[in-house]
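After this come two complexes, each holding chain A, first together with chain B and then together with chain C.
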Partner chain A sequence: MTDTPVGDAVETVESGTIRSHLNPPPSYDLADHPVPVGTEEVWRFTPLKRLRGLLDGEPSEARLTQENSVPAGIEVSHITAEQAREIGEVPPSERPAALAVSLAGGATLVDVPAEAEIDEPMVVDLSGDSVDTRVWGHTVYRIGNHAKVTVVVRHTGSATYCSTTSFLVGDGADVTILSLQDWADDAVHLGRDAIRVGRDAKVKHTSISFGGDLVRMHANVEYDGPGGEAELLGLYFADAGQHLEHRLFADHTAPRTKSRVTYKGALQGQGAHTVWIGNVLIRKVAEGIDTYEENRNLVLTEGCQADSVPNLEIETGDIEGAGHASATARFDDEQLFYLRSRGVSEKEAQRLVVHGFFNDLIRRVGIPSIEDRLLETVEAELARNVLKES
Partner chain B sequence: MTTIEELNPELKGIGRYEYGWADSDSAGASAQRGLSDAVVRDISGKKSEPDWMLDLRLKGLKLFGRKPMPTWGSDLSDIDFDNIKYFVRSTEQQAASWEDLPEDIKNTYDKLGIPEAEKQRLVAGVAAQYESEVVYHQIREDLEEQGVIFVDTDTALKEHEELFKEYFGTVIPVGDNKFAALNTSVWSGGSFIYVPKGVHVDIPLQAYFRINTENMGQFERTLIIVDEDAYVHYVEGCTAPIYKSDSLHSAVVEIVVKKGGRCRYTTIQNWSNNVYNLVTKRATCEAGATMEWVDGNIGSKVTMKYPAVYLMGEHAKGETLSIAFAGEGQHQDAGSKMVHAAPHTSSSILSKSVARGGGRTSYRGLVQVNEGAHHSKSNVLCDALLVDQISRSDTYPYVDIREDDVSMGHEATVSKVSEDQLFYLMSRGMEEDEAMAMIVRGFVEPIAKELPMEYALELNRLIELQMEGAVG
Partner chain C sequence: MATLDIKDLHVTVDTEDGTKEILKGVDLTIKDGETHAIMGPNGSGKSTLAYSIAGHPKYTVTGGSVTLDGADVLEMSVDERARAGLFLAMQYPVEVPGVSVANFLRTAKTAIDGEAPKLRTWVKDVNGAMEKLSMDPSFSQRSVNEGFSGGEKKRHEIMQLELLDPKVAILDETDSGLDIDALKIVSEGVNRFKQNSDKGVLLITHYTRILRYITPDFVHVFVDGRMAEQGGPELAEELESTGYDKYVSAARA
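On to the complex of A and B.
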């Protein structure tokens, strides 16, 4: 080991590893992921007490009720955890994912053959009816070279759920993913979507969280070859007492890859808490990287807390551009004043501002059948609180 | 007693260096290495300090042993606390005027350009720290007439004990962190400034610090009190010659800005590339007060420095402008900390960093808004420039907001020097080095223009030196 930055740089090039305290190295061994106590950098925002023992882990046969709408051409099968590993899923880098892999009793494999162009979205409806049993989920999507597909995963009902999902995206493929957390108020969900982007492939991943008592979602991207592009979108709306946490990690492991992150959230009601962590790592080998991350939070009432931490770690000087932006604010008084001076009532003005805040993001999701329903859900969330109060 | 030269004969060979320079080392010979109860008592005894100060030093020593080393930021495992001299008394007494200074000390300052500054009356008074005690100190008479106190910290303890005791250790408690505890136990030198109510000090007060004894820790302690509606600008700069083994610089700067007062503190740090620079700087602002840190980090092996402002009263304001350059073998882990503890407070942080030659710059900042600090505003901007493929740049902006009615913004960009820019400048007949330096100067310009004129010139010279051989 060397201790100088130059030594580090040489060592990094030689071994391909990097010291990053934000992103622990991946491992299947549970011993490498000790039970967190809450002071760890990656856990310090999460109220561990509300996880209902999800981090202690015991095997469970329990499953969420699943209804799949699988378009022709896509094959769904069941494989063992060992097979998932052999396929080359993205290994776990945190305790929940490691637990899910070891305790779920095998994985669901979704195969999209190479060259297949499937217009109709594959929809997976997952719902639970009890928070008393812990449920583990383990899924691998294998998307062939130059395939084109859309996947929608919808979570509803009550559950204590820990899931890990790998998306192995082939060269030149075009994939749109939407993960919707529309849980009942008592649900707890620790989820990880890990995406490996093939050469020149394009991935759009959207994570939307409305419901749940505690939802903590990871979206991780790494690249299997040059030219890959990932667009990560997110939308969350936290009500009183809810903890909604989204953690992004774009790991630029190959040259000339691109990542774009846009997450927007709104908070209302006493104790609403959102956390957004956006980590970007540009490795030594990854030259010509283009990355930008953005998080915007709109605080609608008193008593909310929005944490927003964008981190950038850059190991090479040969980049196209890197940056991030984060902002948290209340309603823009000037916008409200403008609308009110035009004769719009205060609550209607507030509604319009929130509508405008989310609208452009929803329009970028890229799944027309879902977009309108999302707008309706945002309206319904607003109706629950803001409109009632004013 | 055995002298250091006898113990380490190879030291005799260290006279002149290609890039650094050192005067003959007579003060260091009698100083002990390592830290113990006896060393602390000895320091306090030599200075004939009151008992309460000795007690505080001993408490600091105890807490230093107990506090853990920071595990984040830079790698500090190479610091050998047993191989550091904790107190070096300059063999010279305090001199009353420039002419009275010994020849070799004068030479040292000539290289730093102090006499010119003095001649031009650009600085109000020079408290030049040579080794651990201030040997040259002058305040313009009109300042004294206004009641401004500007002395070295040891003198302040002797001559203004009441005022000193009231504020010492109130902004940064003894056990705040490991290095603050260390500083409290062995501090020596530094500046003490008191600006009375309503007094506006027009010209910047300036002090130069130099480490000049091998392996000598420099533990200066600065305390600045700006009374209600007063204003002062304090300028600190430091350079050090290159030595063989690692040096430690661990200063503590405490600043109290009272109601409606304003303080600006400017530092350009240019320690030689073997110095660990681990500094705790913090200011508290009462209602309506303003604190501005202008922080430049160019030298040192490792710098961990996060000037902080605690906004304790309504409408208090904190501002940090930070520039960092990291070259080969350097890690500049710098940033700022803003704590909003009262309503309607505002803070802003602007950070610019340049990494080259395998150097590493990190921005590490914290904006904390406590409960009750409603209508607070904070804005953080970080820009980093990478001039080659092997350098590293990180951004870790922590935000902790416990209040809803707050506006918080953060933006960061990292870019490289573009070939278009270089091509354009070179097509106008510039050398590549020159063009690169010009681009870097343009990049840091928003902060450079906030510096006093002679500092801005010095900074520009330093950028040119840094950029020599950076390309190709």
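On to the complex of A and C.
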């Protein structure tokens, strides 16, 4: 495990206009986002061949089957891509998001009025029935000042899907987001959740990825004013042959903002591959910010690969706190011995250890009404994979 | 009935400087209802004996036998040994983050009994065991051994002993790190366990202190990987005043 204090972080010299080199400037122009060849820094971990040609940018009218449970007070409508831009969505900074914006045929707009306090989560169930179906998705959540809302997006079934979603969070709002990738084994998903955090607003975003052949999710935050807080959580479980990639970007664009990133993953089986990229940029203006990012991986068998890359770029000297930790470990023999010495079988002991590894994170997701179901989903995933008695 | 029979046990560990023999022919028989105390200097191999009986993968048995009521223990996996009726209270219990004591105990009880315990009586049993060991009920929601003090870890071990109710218990320095009150509480737990019929106890310790609360039938002196002397409770008193020097120099000679 490495805990890197500020002094050891990569420091950039210039200020003002400089961009984190891992996060290219945003642009709607597809010409600014050429088809990657795989050697690019942002693509080097991703097996492009398994994207089913998604990045070629072939238009498609196909949609995922969508079932929404929309609590009273939330408005859902359809807008054009042009309108999404005018509203001030977070513009694309990579080819997949740029493609989704240009090919989705407009966006879904979800409006949560200012000061609305909505206890019941909004649940969006998205499912597909074939990987041969290519789908582009484009969504904007506009959350008013001091509103309180929870959004759950669940992905199931099969699809070749590329989506971009903006969460525009008003001042003082309190937003909890969960994106669950519970795809079938063959699905391909490139997704980007981009969050703009208003002044003194609080956002918790959780990404959970179990299924899919190739899943690559971005969770990006930037701040619209001082005092905003973002907690980015993630949990993933890669089985044999799966590629699960999570790319985080906390762009501290305002003073006294806070970011907390905690991602935990387990890997099992030949060719299971996970990637975690944790980028944090602390801009010149972002004085007195506080950031900490952490990624932990538990490797259960031989033949897995967990890549974990934290990056901290600092342009100001006045920081409250900045650090990161990254650790990849195997099963702890002493833990397994202890549990087994109490009569628990080897597989059951492994399942308990993995359950324990994820447990604290699940408790932090902060959506009580689905916590039990989430635990069940995790337990089912563990039972399917770790509990196979040999 | 419960008889643990250890014959000419030889055990090695792999170290950086190669394989090292630690147990050099241990003989010990623990019969129905007997309590045996093993005392010996640091590094003489007491924990190695305990771990080897429990099946820790770090230790390699190179000779001898261990049987429980005639069944070959060395053939069994770690969890099979526990289900056969062996229990090891560890010198350094292991932390398992994120797994609650309640979940752990229920899982272990289910594994040992082969069926889930009846919910009502189980909750009562757990609460009762915690109360008797002066453990706060909040412990059941905490992660196994995580952040427990040394004494709390030991009480947690004895709580498991009482709830899992094995045939033979091996207690590796359960008394070390306990203040006198905790020592009494833990000893009472062991004595409650012993009161049930036919239980064998192998008690590993440095100090005679615990033997005032748990009366051994036999005391063994363990030096350099084997038994050096055997006697009754009076042997413990003698060790207290004279120490192990006599046995250590004899072993060297």
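Note that the second predicted complex is superposed on the first by the 369 of 390 C-alpha atoms of A that agree within 3 Å, B and C clash if a C-alpha of one lies under 4 Å from a C-alpha of the other, contacts with A are read in each partner's own complex, and residues count from 1 in each chain.
What we mean here is this: a residue touches a chain if its C-beta (ideal position, glycine included) is under 8 Å from a C-beta of that chain, and two chains touch if they have at least 3 such contacts.
Remember, predicted model here, so these are calculated numbers, not experimental data.
Enquirer: In the superposed arrangement, which partner chain does A:39 touch: chain B (first), chain C (second), both, or neither?
Expert: Neither chain B nor chain C is touched by A:39.
Enquirer: Which of the two partners, first being chain B and second being chain C, lies in contact with A:322: first, second, both, or neither?
Expert: In the superposition, A:322 contacts chain B only.
Enquirer: Of the two partners chain B and chain C, which one touches more residues belonging to chain A?
Expert: B
Enquirer: Contact-wise, after the overlay, does A:330 reach chain B, chain C, both or neither (first, second, both, neither)?
Expert: First partner only.
Enquirer: Report for A:306: first if it touches chain B alone, second if chain C alone, otherwise both or neither.
Expert: Only chain B is touched by A:306; chain C is not.
Enquirer: Go through the superposed model and pick first if A:287 touches only chain B, second if only chain C, both, or neither.
Expert: first
Enquirer: For chain A, which residues are in contact with chain B within the complex?
Expert: 3-6, 8-9, 21, 267, 287, 299, 301-319, 321-330
Enquirer: If you look only at chain A, which of its residues touch chain C in the complex?
Expert: Contact set of chain A toward chain C: 332-335, 337-346, 348-349, 352-353, 355-360.
Enquirer: In the complex of these two chains, what residues of chain B are touching chain A?
Expert: Chain B residues touching chain A: 72, 75, 77-78, 326, 328-331, 355-360, 384, 386-402, 404-416.
Enquirer: If we count contacts the way the header does, which residues on chain C are in touch with chain A in the complex?
Expert: Per the stated touch rule, the residues are 54-58, 77-79, 81-83, 87-88, 90, 93-99, 103-104, 107-108, 111-112, 143-144, 160, 164.
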